[in-house]
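Here come two complexes built around subunit A, the first alongside subunit B, the second alongside subunit C.
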Partner chain A sequence: MAVNAARDLPKAAAAAAIVALAFLPMAKMPAFYESFIYLIFFWVSLSTSWALLSGFAGYFSLGHAAFFGVGVYTTAALTTKFGVPFLITVPIAAALAALLAAGIGAVVFRLRRLRGELFALLTLAVTFVIATIILNTPIDGGGGVFMSAVPLPDLMPTQTGTIYILGFAMCVLTIATAWWVAHARLGLGLFAIHDDEDVAEAKGVPTFRYKIAAFALSAGIAGAVGGIHAMYVGFITVAGTFELTVGLYVVLMSVLGGARHWLGPAIGATAITALLYAFISGGEAIMGRAIVGLILIAAILWLPDGVIPAIQAWLKRRRAAPVATRAEVVPVVPTTAPQISERSILQVRGVTKRFGGLQALAGVDLDVHEGEIFGLVGPNGSGKTTLINVISGFYPLTSGAITLDGAEIGRDPAHEIARRGVARTYQIPRPFANMTVLDNVALCATFGGPRRSKAEMRDEALHWIGFTGLGGKEEVLPAGLNLHERKFLELARALAARPKLLLLDEVLSGLNPAEIDNAIRLVRAIRAQGATIVFVEHLMRAVVELSDRVAVLNEGKLFALGKPREVMRDPRVVSIYLGKAYAA
Partner chain B sequence: MNHRMGAWRRRHVLGGFVGLAALGAPAILRAAPSGQPVKVGGTLSLTGFLAQTAVIHKIGAEIMVEDINSRNGFLGRPVEYIMLDDQSKPDVARSLYEKLITVDKVDLIMGPYATAPILAAMGVAQRYGKVMIQSSMGIPKLQTYDMAFPATPFGSEPDKTYPNVLLDCMATLPAPPKTMVIVTSKFPSAQFMAQGMRTEAEKRGVKVPLYLEYEAGNRDFGAIAARVKEANADFLWVGSLGLESNQILESLRKLDYTPKTSFHLYPAPGPLALSPDGNLVWSSTFLEPDEPFMSRPGMKKIAELYKERATKANLPYAIIDAQAAGMVAAWQILEAGVNGAKSLEDKQIAAWLKKNVVTTVYGPTKFDGLYNHGEPAQLIRQVQDKQWKVIWPKQFVAPGVKLIAT
Partner chain C sequence: MPSATLLGQALISGVLAGGMYGLLALGLSLSWGLLRLVNLSHFALAFLAAYLTYELGTTYHVAPWWAAAMIVPVMFLIGLAQHWLFDRFKVNELASLLITFSFAVILEVAIQLYWTADYRRFETHYSTMSIKVGGFYIPVLELVLCMVAGLLAWGTWLWLRKTYVGKALRAAAEDADIAAAYGVDHKKLAYLLSGMGAAYAAIAGTFIALIATLAPTQIWAWLGVVFAVVIIGRLGNPLGALLAGMLIGASESIAMAVFEPAWAPVVSFSVLIAILLWDPEWL
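Right, the complex of A and B next:
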């Protein structure tokens, strides 16, 4: 009861704060306070909207002013040139900004090379292009737009009160949206994109769609905020609207508060706006700005992830890990012989893959039977990992066909293939660095497997964490795991998707003999769960012990196929790969 | 010894009386203001991209507040100037004027610097019925508030009147220009004047073969310079701000081209006057530290004080010009309004200003025209021996100064 009350307290406080802020204009306080709080709302909304794409998904934008500016000028142009009532222009401003972002995203997000700093520069360029268009067309033309004649609806007793309430509504809506996104599948997917987009796609996250959704949402909010702000400023100029500092401020505010947290940008925006107003007196202005700069530098140096993550980490250190999250499952290796069907679950036909002039796969044909462990070996550069990448959709096929359970998957995007039941691990573990072990596994259960409730996903994740021996590490970040544990986390993530086909890429490399024995037992136990396994491995002991059949690749072609011991004794295989016979 | 001691005592006692008299006399002579200060609030862009120019306004304001307080203050009460930093942002300017009026409860307000903050502040002044005097809004038609007054004599339609002042001046040249190239920043007040210049030039038969606009803040004028050279007009009109004129002239020099005669709207006065490229160029002004302006009441003292403080503040150009003079004039108008209306009530001050003539550093100023503007008094100056000299209209040209044709 007391625990419930403690949990409900922040919610009750938030609700009380919202109600109090909503009725503030009725208190008839000096207009300055309404204006000042409005400016906080303004920056909170703008920085939070920036974080929806840039903070959550890691697509760092320096061009948020472009979407804000589209909103400003939509309202300015519609109200002054066409007489459209102000309130109607705000959703139009949001829609136009969202449409622009979706259009840009539809082109940019298809290109893998436009990530990181290139995306930041591209968004900056978009700002200049939009500003130039507005400056050189009748939308502005250079003279600015004066909005003093535009009537403001009487939502509150005063004009300042009306602007305040609009800013407040926008702020509440923005934070609610950020909260919803952060707690929805969309947010989980965006966080995964932030950490490793290729892996996210391979785990079933529809990255392209999610990025466009986040970009449009982010820009749409900025557009609406711009529409309202146009009325606040009153005289709109291109230089003032599209100035670089708008984009930089939102970045600074979000980073200070914590760009990955739904409330982080709001905290940063409130702190920075308040700080900027702390030194407004003419005598101390320049010194004040220097002090604000120093405070921000210190905050970013001491709290690189932002204020909210720092508080969360501090609270976490104070709390012991809750017992309920400790997963305890013992993998059971069956004593009976495995059931291998004659039916092919995976068919690879004439698969080729070219990288420019390099032929990595040159017409590979394979059949993997349901329930078997299928070893894939070959010398370095023979095409093993490329084949795994092609089957999982990471690389598009050059030619050929791949079917899973009779369905063609060769040209599907990676996340579709994952949803059809293909899961994979990486030779070098690629966990989502900013997610705990539990979140890493839960994400894969969410996007890779069938739709289930949040609680079921969590249980599923806990099951596989226990199964792979990571019980007790649920709340640990991947950086806190050793290589052995990270390899097993890879396995847990793959298993959480309940795959039909599991692709293991050198899961044993780098492990010591005891860890290898442990891993071999685990792979057998996984097969016992009903999964079919294709595994790439250099460690011949494991290949022979585990595989039902082995395929040898050489120079991108299938070189040999058969029972492990027979294949390993094949002199041709020995000559190209092993150098000597494995078993006498 | 005693005699000497007596003489010593007498000298010191006498000296003490003289000292007391000296301390007391100014207070009596000045009728020093006393009582509750009259609070006048305003913002200036002390930080942000407008800060370089706003500091000139700050010095002008500080000189005037001291000057007013050294006389009678406002209605016998000392003036307290509450100056806040609007960070060069109109939205901040708006909120700070609301603070000044609704929280600090100032008696009067003084306008900020630059068009966008002025318009943001004007909305607030209008909502609270405050008189607002501003010194730097170059587009008078935007001043739609009935109790807003301009301190700088642009006139109500400078886009029509000032181009004709320039065309009149051009007509006095031995070979009056027949063609004019216009290059302008898209900064609202510069673009506004450039468009007016084109219209008025064509009306008076001066052809404009090339009209170019560039974005405010542009730094690369190579392409523009090439087109200016190609057009090779008799006259180059540049709607520049700050250092843009220097940059344009430098770009032209790199192409081995010197315009026959060039005019620059709002350049940085020091750098342009001191640059070899700036020799004999024309520009706009409202006054220069020369005759007949220095004979205006108080001007000499203000110019000296400005030079002293601007030098102390390490400003690159420590000579009073239209920017500082605009702020000085704004305070002179406010002082005249308060004293004339004998009231701190905004409506009464506004009513008095509309009916009367105020003498400022710009000369007799009226507010009875469109947008509360009076007669325009924008002049033309030329760089001569690295100094700005007014060359037109004739009545404002100092003795011994004349237009030097190029």
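Right, the complex of A and C next:
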């Protein structure tokens, strides 16, 4: 009971605060206070909406003012020029801003090489373009727009009270949205994109769609906030609306509070707004700006993740109770011979891959049978990893066809291929750095496998963590694992997606002999579960021990194919590995 | 459609005005491209240098070049100090953007407290001098600026291409750890580069004092354009920065002559967006 009370207390306090704040305008306090609290709501909404894309997915936008400004001017133009009632203009403002973001996103997110800081400056550029267009067209025309003649609905006894309550509603809605996103599939996918976008895509996260969705949501909220703010400001100018500092303040507020946490931006926004207000009311507005600047420098240097994550980390250290371990030993492999059918699950036909002038794959044909362990060997640069990358959809095909279970997948995006049941591991492990081991595996279960409830995903993840011998490390961040454990985390992540076809890229490299034995047992156990395995490996002992058939690649072509012992004794194969002198 | 003379004059003034964009972009491009630090305070440092030139010139009657000779070493030291902070805290790209933004705000406040928010103009007889070539007027001051910017860009480019130190810097920008394994003292070079960046800001500042009207808020006026120039010119490429600056300056100036002056800001960003979307190999 005590535990429940402790857990319910914040909820009860939050509910009480919401009710109290909602009825505050009834108290008829001086309009001055309502304006001040409205400004806090305003900045909380704006910075929280910014974080939906930029904090969660790591694509920093410096152009939040653009979407906010589109909202401001939508409401301004519709109310003053067309006489549309104010409340109707707010959703229109949101829709227009969201549409603009979706349009920008649809173009820029297609650029594979789009780096974070380029996105930041591109959004900044968009802000200047939109500001100039509005300034030079009748939307503003350079003279500004007066809102004083626009009637406000009588939601509250006073005008400021009405604006206050609208700002409050927006603020609650925004934080609720942020909470929902952070706990939904969308948020999980965005966090993964933040850490490693390529891996997220390979694990089944539809990265392009998610980024656009987050961008549109983020911009839409900013647009609605802008619509309301138009009424608060009263006299709207382009210079005031598209001010550079708007875009930068939301970044600073979010980063200060913790941009990856749904409540972080709200904390940062409240702190900075209150601080600035304290200096303005003390007649030291200019000094206030400088001191806010100093505080931000200090915060970014000493709390790079923000206030909330710092507090969370501190709390975690305080109650560092060990997690209940569910260490399952590596399962015993059934002694019966595995069932390998003659049906091919994967067909590769005439696959070529060219990088500029370099022909990495020059027409490869392969058939992988259901249930077999298929070894892929060859000298460095022979195209093994490229083939894995092409099958998993990371590289687009230059020509050829790939079918999985009879369905053509060669032109599908990587996340589609992952959902069809192809999972892969990386030669150098690429875990999501800011997620615990459990979250890393659960994410792959969520996006790769069939749709199930959250609790089922968790159980699935715990099962595979135990299966790979990582039990007890569930709450550890990947940085706390050694290489051996990280390699096994790669396996756990791949397995959690319940793949039909598992692509293993040098899982054994860098392991010591005991660890290799362990890994070989594990690969057998995986096959016993019914997966088909294609594995790239340099370690010949493992290739011979594990694989049912081996394909040798050389210079992007299939060089030899057959039973491992026969292929490895083939003089031609020996010669490409060691040179002609050893072939005899 | 304006006359050919007007267009020609617009082109010349545009290219010369673009020299200033290029000069400001130079330091930014180096620190962003080679140190992976985005330095928003570059503009504030340039304006601090401009105000110092103005102060030395109006109060103590120091000639601008002597002022520059005094200010440049000071700025170099400020650049070193800034880099010490980045180095000490292992600041990444985005954090550097936020920190230097805060720096810029603090500098803006400092400038406003000392010189007030009023507009200031450093009147010299150079500012009106111009030479006439084939019917076109060429302002001398801007011509000198372009020559200085050209020399700095060319010199820096040669330094990066031809000398051991320059090559080491470029290697470290590609992969600091590997470069370190080959004996490149990345840290020392980074300090040198940061100091140079700030020194370039000081040189730009001296010209700003002579050409432009000073006000604390003007710090932010060129931010967007210059960043567009930095990207178009390719990060870390000094000659590219100067050429991109002149390209943007010329297109803005022609747009002003053909359409209306108010549309000028759209030009640089449209060029930037177009180039980013085109995504050519050299970017």
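The rule we apply is simple: the second predicted complex is superposed on the first by the 558 of 584 C-alpha atoms of A that agree within 3 Å, B and C clash if a C-alpha of one lies under 4 Å from a C-alpha of the other, contacts with A are read in each partner's own complex, and residues count from 1 in each chain.
Following the convention adopted for this analysis, contacts are C-beta pairs under 8 Å (C-beta built on N, C-alpha and C of every residue); 3 or more make two chains touch, one makes a residue touch a chain.
Please read all numbers here as calculations on a predicted model, not as lab measurements.
Peer 1: Here subunit A is shared; do subunit B and subunit C fit on it together or clash?
Peer 2: clash
Peer 1: Should A:132 be classified as contacting the first partner (subunit B), the second (subunit C), both, or neither?
Peer 2: both
Peer 1: Quick check on the superposed pair: does A:340 touch subunit B, subunit C, both, or neither? Answer first, second, both or neither.
Peer 2: Neither partner.
Peer 1: Should A:237 be classified as contacting the first partner (subunit B), the second (subunit C), both, or neither?
Peer 2: Touch status of A:237: first partner only.
Peer 1: According to the stated criteria, A:87 is in contact with first (subunit B), second (subunit C), both, or neither; which is it?
Peer 2: So A:87 meets neither subunit B nor subunit C here.
Peer 1: Tell me which partner A:35 touches in the superposition: subunit B (first), subunit C (second), both or neither.
Peer 2: Once the two structures are laid over each other on A, A:35 reaches subunit B alone.
Peer 1: After the superposition on A, what does A:289 contact: first (subunit B), second (subunit C), both or neither?
Peer 2: The answer is both, since A:289 touches subunit B and subunit C.
Peer 1: Applying the touch criterion given at the start, work out whether A:142 contacts subunit B, subunit C, both or neither, answering first, second, both or neither.
Peer 2: both
Peer 1: Looking at A:525, would you say it contacts subunit B, subunit C, both, or neither? Reply first, second, both or neither.
Peer 2: Neither subunit B nor subunit C is touched by A:525.
Peer 1: May I ask you to decide whether A:304 touches subunit B, subunit C, both, or neither, giving the answer as first, second, both or neither?
Peer 2: Second partner only.
Peer 1: Just to be sure I follow: which residues of subunit A are touched by subunit B in one complex and then by subunit C in the other one?
Peer 2: 132, 135-136, 142, 286, 289
Peer 1: Okay, in this complex, where on subunit C does subunit A touch?
Peer 2: Going by the criterion above, the answer is residues 32, 38, 85, 89, 91, 93-95, 97-99, 101-103, 105-106, 108-110, 112-113, 220, 223-224, 227-228, 231, 260, 262-263, 265-266, 269-270, 272-273, 276-277, 279.
Peer 1: Which stretch or stretches of subunit A touch subunit C in the complex?
Peer 2: 60, 107-108, 111, 113, 116-118, 120-122, 124-126, 128-129, 131-133, 135-136, 142, 244, 248, 251-252, 255, 286-287, 289-290, 292-294, 296-297, 300-301, 304
Peer 1: Quick one: in the complex, what on subunit B touches subunit A?
Peer 2: 44, 46-47, 49, 58, 82-85, 87, 89-92, 94-96, 98-99, 101-103, 115-116, 119-120, 123, 127, 139, 142, 144, 186-188, 191-192, 213, 215-217
Peer 1: With touch defined as at the start, can you tell me which subunit A residues reach subunit B in the complex?
Peer 2: Those residues of subunit A that touch subunit B are 30-36, 38-39, 42, 132, 135-136, 142-144, 146, 148, 158-160, 229, 232-235, 237-240, 243, 276, 279-283, 285-286, 288-289.
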